[in-house]
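Pasting a structure below so you can have a look.
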Amino acid sequence: MTETLSLDRLAGRVADGAVLALPPDYSFVPMAAVRALVRRPVRNLNLLTVPQAGIAADLLIGASCVATIETAAVSLGELGNAPRFTAAVEGGRLAIRESTCPAIHAALQAGEKGVPFMPLRGLIGSDLVAARPDWRVIDNPLADGGDPIVVLPALRPDVALFHAPFADEQGNVWLGARRELVTMAHAARETLVTVEEVRACDLLADDALAAGTLPALYVTALAEAPEGAWPLGLPGRYEADRDHLAEYARLAASEEGFAEYCAEHVDEDVTGLCAAE
Amino acid sequence: MTETLSLDRLAGRVADGAVLALPPDYSFVPMAAVRALVRRPVRNLNLLTVPQAGIAADLLIGASCVATIETAAVSLGELGNAPRFTAAVEGGRLAIRESTCPAIHAALQAGEKGVPFMPLRGLIGSDLVAARPDWRVIDNPLADGGDPIVVLPALRPDVALFHAPFADEQGNVWLGARRELVTMAHAARETLVTVEEVRACDLLADDALAAGTLPALYVTALAEAPEGAWPLGLPGRYEADRDHLAEYARLAASEEGFAEYCAEHVDEDVTGLCAAE
Amino acid sequence: MNPDKTALLIETIAGMLEGLGRVAVGASSPIPAAAALLARERGGGRPALSLLGSQAGSDMTDGGRELFDRAGQGRIDAFFLGGVQIDGGASINLVGTGPHPAASKRFPGSYGSAYLYFVVPRVILFRIEHTPRTLVRKVDFVSAPGTSPAGVYRPGGPYALVTGRCVFRFAPEARRFRLVSLHPGHDLDEVRTNTGFDFDCNEEPPVTPAPEPETLALIRGPVGEALAEVYPRFAAGLRDGN
Amino acid sequence: MNPDKTALLIETIAGMLEGLGRVAVGASSPIPAAAALLARERGGGRPALSLLGSQAGSDMTDGGRELFDRAGQGRIDAFFLGGVQIDGGASINLVGTGPHPAASKRFPGSYGSAYLYFVVPRVILFRIEHTPRTLVRKVDFVSAPGTSPAGVYRPGGPYALVTGRCVFRFAPEARRFRLVSLHPGHDLDEVRTNTGFDFDCNEEPPVTPAPEPETLALIRGPVGEALAEVYPRFAAGLRDGN
């Protein structure tokens, strides 16, 4: 059964040292929950970005919550490189498992299907292959030799965490066409979701909504977090707060600035939700 | 660009000898198009049932349209075995590529991803493996030996054919949660779709509908075919015509009865749509 | 089948599902579906169910592969399989009798058995017809084997075989069935005569317990109601007690 | 960048997309996106486009993997890649400079390049900064190699490299770039000085043709309008001609 928790309790469900899967900036990013993780603070996370990440990963890295990251890219997009990620890698303080977008998607599909690996074209000759001893180049077993192909081990994150527009009271979560989150949840051992609101309805009973619904089976726990993607946008609901993101980029350029940013925007629960429990 | 054709023209797009993928009876079965294929008549089809089939496959087999079938099962469900399929296999007139539901899904996902194969657990020790020389048992390349696993070659059907509740004028097709059809269309070289109706809207512009929409990119051609799943039902729209299906089961038990059924229900286009072109 | 026998089978299977987290039931399986609904009714919502072929009972939104993916993820604790033939090693045949591929008698095909039998921890075999034709020494075609050699990935496999005459449990170490109870009105000689394979058993096997009145009330009430969407005629029979 | 140069680059890239069926453009790529829109405008709807990061311009409904799956299916004819470093063999580096993993300068990461570069037939490399720092003899980290040994599945690869100074085409047999035109105001010596790798070229390379007035009108009109959803500031600049 899906539990409904306060935001801070939800964040409490992410164990120190967990493999934590997070969505990309164009998807449904759980920023309120990420701030709650920083406040806690969670430690030694092994982040998996699906397939890339932005401010969410940068914030966790800057706050010393992250031990390793598996990613195709971390960036603030038009606002430039992710400053805390960049500093941590350049300073040798963050172990990075280099990947590429389709490899992360394919490895999660392997996790979703319960198979130990997934083949993927491309990759051969990239230094990624050398950087990933867990990837193997094999001979395509269905060819007559001479057709090398990479196989990727399945990914099964301990926790998938994302934000969604709404859920119903049974714990079914509406994700629309954001199916990378569906795969993430299928592959993960536990899935924690923040939502703008819980609605009194049955998402699976409506043909149109069911098509974009993650069934409650996969949802370990839910928390309400209005504007939970802020300062990122929630496509179709609200726009990104570009001024705030620019302020983050400016402040996070230095360690002191990052501390200042956290003091102002992270250390206090601006949503007030944990107090409401 | 997606073309809009008459039903018979759409059926004309399925070449003799094509590998034709069809949905299972619980999904969106293109019965009107199947009757049009029998009328044509198409010949030497290599059917791929995704993953099983019922009356659609039985009709094509009974009408001598099918050379081979790759399937996890063909059955009329509560109405018993599929009589023309059964007779054709027992009479040695139909070459059968035995499969199992998840193998067909996984091999289509390989086709969808452009990888040459997909691994799948289970299967080992089943006579399916012996019956499928194109499947291989390999040692899991990520284990240290002693972990046998089957790899299945990718499936890329020449044509995927199904029926859907509606499409928009751009050729986007709404499939709801029937995602086996999405994978089928992604994996297929061409996709032909009949719909209850074409609506003047943009399915991709609506968040809720987009989640269940197959983009026009994958849709080679469309035809309107109201009640195009009859005598099967279209979930959420109309129920199966159980009396008619029972009549089919009764008549198709013999070759003569099958001919009688076709004369009455297939040989004439009961929808009248081809005349309307 | 008489209503007492139907209720007995539902009760027997429901007992095997107690305490599980999630049970899936394939299409065209009214008795297993009723048993799963009964178990859920008694368990206060547990096990959760996925009923294939049901709109209201299905919570799948990722297409036909989702059941198999869930099973691969370890999210399905029990499933049901039948068999044109079932043998003493719990291998099942859903394809046909006689030499393959030119079967002397063809059946629909293996469905998902060749996979689910390996990955679902508790697979319950269910076949009402209990004759030497259905329960054979060795199946003509192995849709899915009952056991696998060491080294083959197999978290799942056969748990029990429920027929119209008796209940067998499968002993994976011995790779044999053991008769655990005879349905009321059936005896061991009759079962031996009608079973094509050897099996273990006590000299005086107990009788399969008949359902209590409270259970019958549940079957006629909420179970029948929930079943009506997918199996209207079967559910009507349950509720009328016939 | 001055508006003439922007329009020149848009025109140059658009010319490479003519006649193709479908072009995809990654996020944060306003000039390639404008070029793709221009090509579509001239081609009467062809090539079809998928603009990542755009709601209106994206027709993906299968999540983040769909772009890659489409490319694997052969449904994407052209794509754009950049590079912190690009070398003379068309290998690209999006990861960082200096020894890996303790990069002296870290960049975001390889994104989808290590895959798309292999399967998209016409990959256009685009990097405005044309200096010995960006165009190097050999990249420090190969995010994606420019060419592959025989036997490696590779229906795709580099087609051209467009910079702020010139246009190179890639010759797969020679595994080298060939300079095909110099942008107005740039000369060969300057390009040689600013390019860290050897390349082929004629003695007097032609000048990259500037867009015709009709093209400029399209860029300021429908192209700018379509671009405004994803790149509002860039589109405003286009429409004002600055």
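So that you can tell them apart, the chains are marked A, B, C and D in the order they are listed, and the count of residues begins at 1 in each.
The rule is simple: contacts are C-beta pairs under 8 Å (C-beta built on N, C-alpha and C of every residue); 3 or more make two chains touch, one makes a residue touch a chain.
Remember, it's a predicted structure, so these values are computed and weren't measured experimentally.
**Q** In terms of C-beta pairs in contact, which of B-C and B-D ranks higher?
**A** B-C
**Q** If we define chain centres by averaging CA atoms, which chain lands farthest from subunit A? Would you check?
**A** C
**Q** What is the distance in Å between the mean C-alpha positions of subunit C and subunit D?
**A** So the centre of subunit C lies 59 Å away from the centre of subunit D.
**Q** Just how far, in Å, is the C-alpha centre of subunit D from the one of subunit A?
**A** Chain centroid spacing, subunit A to subunit D, equals 29 Å.
**Q** In whole angstrom, how far does the Cα centroid of subunit B sit from the Cα centroid of subunit D?
**A** Subunit B and subunit D have C-alpha centres separated by 40 Å.
**Q** Two or more other chains in contact with one residue: find those residues in subunit D.
**A** 60-62, 65, 68, 72, 119
**Q** Any chance you could list the residues of subunit B touching two or more other chains?
**A** 106, 109, 113-115, 120-121, 147, 149, 177, 182, 210-212, 236 - these are the residues of subunit B that touch more than one other chain.
**Q** So with touch defined the way it is at the top, what topology do the chains form here? Options are line, ring, star, complete, other.
**A** other
**Q** For this entry, which pairs of chains touch?
**A** Contacting pairs: A-B, A-C, A-D, B-C, B-D.
**Q** Using the touch definition up top, name the residues of subunit A that touch subunit D in the complex.
**A** 24, 26-27, 50-52, 71-75, 77-78, 81-82, 85-86, 89-90, 92, 95-96, 98-103, 105-106, 109, 120-128, 131, 146-149, 177-183, 235-236
**Q** Which of the residues in subunit A end up touching subunit C in this complex?
**A** 1, 111-115, 172, 182, 186-187, 204-205, 210-217
**Q** Quick one: in the complex, what on subunit A touches subunit B?
**A** So the residues of subunit A touching subunit B come out as 106, 109, 113-121, 134, 136, 138, 140-143, 147, 149, 151, 153, 175-177, 207-213, 236.
**Q** How about subunit C: which of its residues touch subunit A in the complex?
**A** Per the touch definition, subunit C meets subunit A at residues 22, 45, 48, 56, 59-62, 65, 68-75, 119.
**Q** Which bits of subunit C are touching subunit B when the two form their complex?
**A** Those residues of subunit C that touch subunit B are 27-28, 52-53, 55, 60-65, 68, 72, 94-96, 100-119, 141-145, 148-149, 151-153.
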